[in-house]
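All remarks here apply to the structure that follows.
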Amino acid sequence: MDPIILFFLLGLAAGLAKSELKLPSAMYEFVSILLLLSIGLKGGVELARQPFLALLPDILAALALGVFLPLVAFPVLLLLGRFKRADAASIAAHYGSVSVGTYAVAVAWLASRNIEFEAQMPLLLVVLEIPAILVGIVLVRGMGQQTRWGEVAHEVFLGKGIVLLIGGLLIGWLSDPDALASIEPLFFDLFKGILAVFLLEMGLITASRAGSLRHYGVFLIGFGIAMPLFGAGVGGLLGLALGLSPGGTMMLATLAASASYIAVPAAMRISVPEANPTLSLTASLGVTFPFNVLVGIPLYWRLAEFLHALPGGG
Amino acid sequence: MNQDRSHVLKLLTVVTESALEARMVRDLERLGAAGYTITNARGRGHRGVREAGWEVERNIRIEVVCDEATARRIAAHLQTHYYDNYAMILLLSDVEVLRPEKFQA
Amino acid sequence: MNQDRSHVLKLLTVVTESALEARMVRDLERLGAAGYTITNARGRGHRGVREAGWEVERNIRIEVVCDEATARRIAAHLQTHYYDNYAMILLLSDVEVLRPEKFQA
Amino acid sequence: MNQDRSHVLKLLTVVTESALEARMVRDLERLGAAGYTITNARGRGHRGVREAGWEVERNIRIEVVCDEATARRIAAHLQTHYYDNYAMILLLSDVEVLRPEKFQA
Amino acid sequence: MDPIILFFLLGLAAGLAKSELKLPSAMYEFVSILLLLSIGLKGGVELARQPFLALLPDILAALALGVFLPLVAFPVLLLLGRFKRADAASIAAHYGSVSVGTYAVAVAWLASRNIEFEAQMPLLLVVLEIPAILVGIVLVRGMGQQTRWGEVAHEVFLGKGIVLLIGGLLIGWLSDPDALASIEPLFFDLFKGILAVFLLEMGLITASRAGSLRHYGVFLIGFGIAMPLFGAGVGGLLGLALGLSPGGTMMLATLAASASYIAVPAAMRISVPEANPTLSLTASLGVTFPFNVLVGIPLYWRLAEFLHALPGGG
Amino acid sequence: MDPIILFFLLGLAAGLAKSELKLPSAMYEFVSILLLLSIGLKGGVELARQPFLALLPDILAALALGVFLPLVAFPVLLLLGRFKRADAASIAAHYGSVSVGTYAVAVAWLASRNIEFEAQMPLLLVVLEIPAILVGIVLVRGMGQQTRWGEVAHEVFLGKGIVLLIGGLLIGWLSDPDALASIEPLFFDLFKGILAVFLLEMGLITASRAGSLRHYGVFLIGFGIAMPLFGAGVGGLLGLALGLSPGGTMMLATLAASASYIAVPAAMRISVPEANPTLSLTASLGVTFPFNVLVGIPLYWRLAEFLHALPGGG
């Protein structure tokens, strides 16, 4: 098995067994900061090698995807799940956005199989973080003046995650490739080790949600598995339509399947405070993250292969 | 440090979600607090366990020393704007201070 | 936030060894505390210097807001079970709270 | 834990610059404090924002439980030696303690 | 000299000189977590290469060693040292168990001399952590119902150190060797650097015990040096009897000589709270750890060489 | 561009835009501790290769430089800047001493251009930290007994920065070169990556001074640029006089141009508490550090080249 998955399972098992293991929060922040910068840097380096304009269709497609997914999730949560409007909108926003942790695991999965994917993926990761947040807010508040859009924009564009991802992208883009070599030992060589530590903590966090999972029951579990499968389907088809390679198609499927647990919770807390954060985090962290990491990623690769094997599939 | 009545001020202690830190600081300034002290915290209350593990579910503990009127104004503001939707408690007690002028905005 | 007598509760502050955190949390729940707030601390007392450097010799500072009976029950329990063998101090003071119902278990 | 008057002591809380930690500890010992508890803090006051980011501009929050005379002696000492040149506030309040003998140096 | 020893001496000197140097506790925890995982991983990788059953004799021998050592130490502490029963039992438990820091220094010492040792050592490290704790408790409480064994088991098996060591072992064991290569830069290449930082902090911690050392006097110093020497002798002979290589013999001697300062203090604090932790930590951290790191490890290598040079010594 | 400069700019931009990005203080301390140790180690390794006595002239010259610079700065600050005596002395002390962060950026700048410099530079870095502090104190207090020199010496020689730098130097010096290889992955290979993270935080810290910059106005800005230029000139000439290589000349110019923001503020806070630390930190961190990193370092290299091209310039 892949060791990084085992690190996740170790954290999960330790958490469920109520072990004393706890990572200091500064350590969790350290590894997440390094991960975000690494992903951005890697993307920036690749982007520097191609004309920016050629990426416009992909960017627009990602924006559309980020608007479409929450609009599908919202009525399901409202009508089938019988959630309050604010809760349905907030959960929908989480699933329309993306998870950097899931993205990193997919990157590592492909890398260990030497499967290539398109350089613009980190850019699409950034692009996909944002629209679902705005859709979520509009679903609750309408387009009216009730929402302080300035504050929302601040929260969205200047949150830690986005700043580090975009910052990394720009640094990778603008840096002299030779000079970059000297920072590679920290940001590239250690990437999977750092990811392993990150997943250990994610396992502990996931385990801490077991209680609320029991409490909020089967609908959340069902939604937390069905929604990523649906998202992966849409993302995979979109990847195919954009002419992405199998690796790129799989990455887009994974992004669509993943649910945010950093940027969106922070933004929703400020913009839609009446939504109960326990609901969305339980679904996103307690169900969808482990599902994607343990089951989804290999599945989405099969999906990408299947789509590309279709007649006319690239 | 005599016990002149005028030297007794209010200590307002707020325990709430870390995510609100920037907002709290802005609100406190606007509502006339001359200063504040913040420490990181974790805890449990009606909104469940909030452990220091990761950023989304961490608490901060804010202390503000000010005159009673300011304390009640801040408390009322926080109660109106945050109490329903955020993990938050508010405590008020008496403290004696040296040089009360330091605590006027 | 009027000064109705019923709004005055007790704040119990415990400073003790970090190693006891899990136990304290369990005991507090069992003894009827509706919540608690914990911060990391270091210090010195009869059991010597306890600095935040490494896990075995670190302190935590626990605050519990509750009614007087609960506070005294908790204090008595901690005194019986931990006072002789662990670094620990217990402090009790009055605090005024908003919405006292939040502090009932 | 009865409410015998002799069980009420003073809680002196000092918020000041981290750079002073070693000095504070020395002074407290010399001035007869039986113990102290320190937590890391950040804040704002007359000397501007002091955020926990880097070492030079961080605060600590010191608590000392002692009898009133000791508390006033320490407060006077700190006021004379540090108040003019350092970021510092001093707060004094009443606390009830278990086993008051623990708080005598 | 070996730089990691110099890092320890730097910490010691800085601490004794009352320098302002202090490592943030999150940094100490970060490096200990990485060390524990690295040791476990390394062991797991090696274990994967051999049949598990062949290890049973070694495991049973380690269990016996962990029971025997505290039973020797206890009467000495009680009668010669005139300690209270609880204190004698607690100190005995510390010396029956092992120190991961000492183990790591021994690993580095052998590695820098290209001396091999058996793959099962990290497993024996884990096995040796535990029996002395139980012996210590029984020495104070008897086998009666007074002890909440459930809580003890929780404390022992789910403490941070054991979870990370066993977790690392399992991950190393179960992981695809190729996939492991990608996490090696963090867990293997940085091992000695991380160990250096760890020893810097250990030096500071050791220095902070100088005061209590003066206070508790010569018996603790004597015991803190004699007991590891005795332990090393027993461990070395046991290694020879088990047919270990010289490197393995030296490692088992070192394990037997080392005294716990993480798992045992935590467990004793909960199970035998009336024992004064200052006594055991002063002996284990203030005397035995520096003795082993500075003097003991080279000595135990000589011992292993000597034993193997005996007629019939393998 | 050089990625580490971009990291600084990212921090600066994020801070000025009031982004949520904040590094945990334990992370900042972790990277500074690693940087200080790395610089010391590197220097120690090089020093081990040469006779110590040959360095005496350089050491004496550095001491003289550290006394001379604050004596020039002080009257300028007092008379032109109209600062209070304590403030003028404190700022002068900051500029007479050195900045380890600036030094590290210069090291990285030269390394990426494969330009050599003399091995004793880290030693001169340490030597230059200290005299300006004493000069600053004497300028306020005179040589009288008012100053508790014992406490000053403790603060100066046992502060975190000096202990780690000197400790690193000694460890590098005394270590077996082969054994050092095993800690290189952490201390040498990661150096520039760690420096990048450090500069990200420095950018955030610099940004946080923007407010006081507006408040204290143009004199501080002018001084914060003019003084390093002057210092670089003096340092460059001194380097030439000492017969340093162009790289060494540039390093000495950079050291002279840089202003302390760790050792000196800490010492001044204790010894000259009536000096306002906001003034000196705003100049040193808000003006001089970014100036040196962004503009100064390339300039000082030009200066070194120019000096060495002079007739008789070596």
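Order of writing sets the labels: A, B, C, D, E and F. Residues in every chain begin at 1.
Following the convention adopted for this analysis, a contact is a pair of C-beta atoms (placed from the backbone, for glycine too) under 8 Å apart; a residue touches a chain by one contact, two chains touch by 3 or more.
Quick caveat, the model's predicted, so the values are computed rather than measured.
Common neighbours of chain A and chain B: there are none.
Taken together, chain B and chain C share the touching chains D.
Shared residue numbers account for under half of those found at the interface formed by chain A and chain E, and the copies are therefore classed as meeting with different residues. Chain centres here are C-alpha means, and the one lying farthest from chain C is F. Note: centroid distance chain B to chain E, computed from Cα atoms, is 46 Å. Distance between chain centres (mean CA atoms), chain E to chain F: 41 Å. For this pair, chain B with chain D, the centres built from the Cα atoms lie 19 Å apart. Counting partners per residue, chain F has 20, 22-26, 29-30, 160, 185, 266 as the residues that reach two or more other chains.
Counting partner chains per residue, chain B has residues 39-40, 93 touching two or more of them.
Inter-chain contacts occur between A-B, A-E, A-F, B-C, B-D, C-D, C-E, D-F, E-F. Touching chain B in their complex are the following residues of chain C: 1, 11, 25, 34-40, 65, 93-99, 102-103. In the complex of the two chains, the chain A residues touching chain E come out as 1-4, 6-7, 10, 13-14, 17-27, 30, 108, 111-112, 185, 189-190, 192-194, 196-197. Across the complex, chain C meets chain D through its residues 13, 15, 39-46, 59, 61, 72, 75-76, 79, 83, 89-93. By the touch criterion given at the top, residues 24-27, 29-30, 33-34, 41, 154-155, 158-160, 163-164, 167, 170-172, 174-176, 178-180, 182-187, 266 of chain E touch chain A in their complex. Across the complex, chain B is touched by residues 22-23, 25, 28-29, 201, 204-205, 208, 212, 261-262, 265-266, 269-270, 273-274, 277-278, 281 of chain A.
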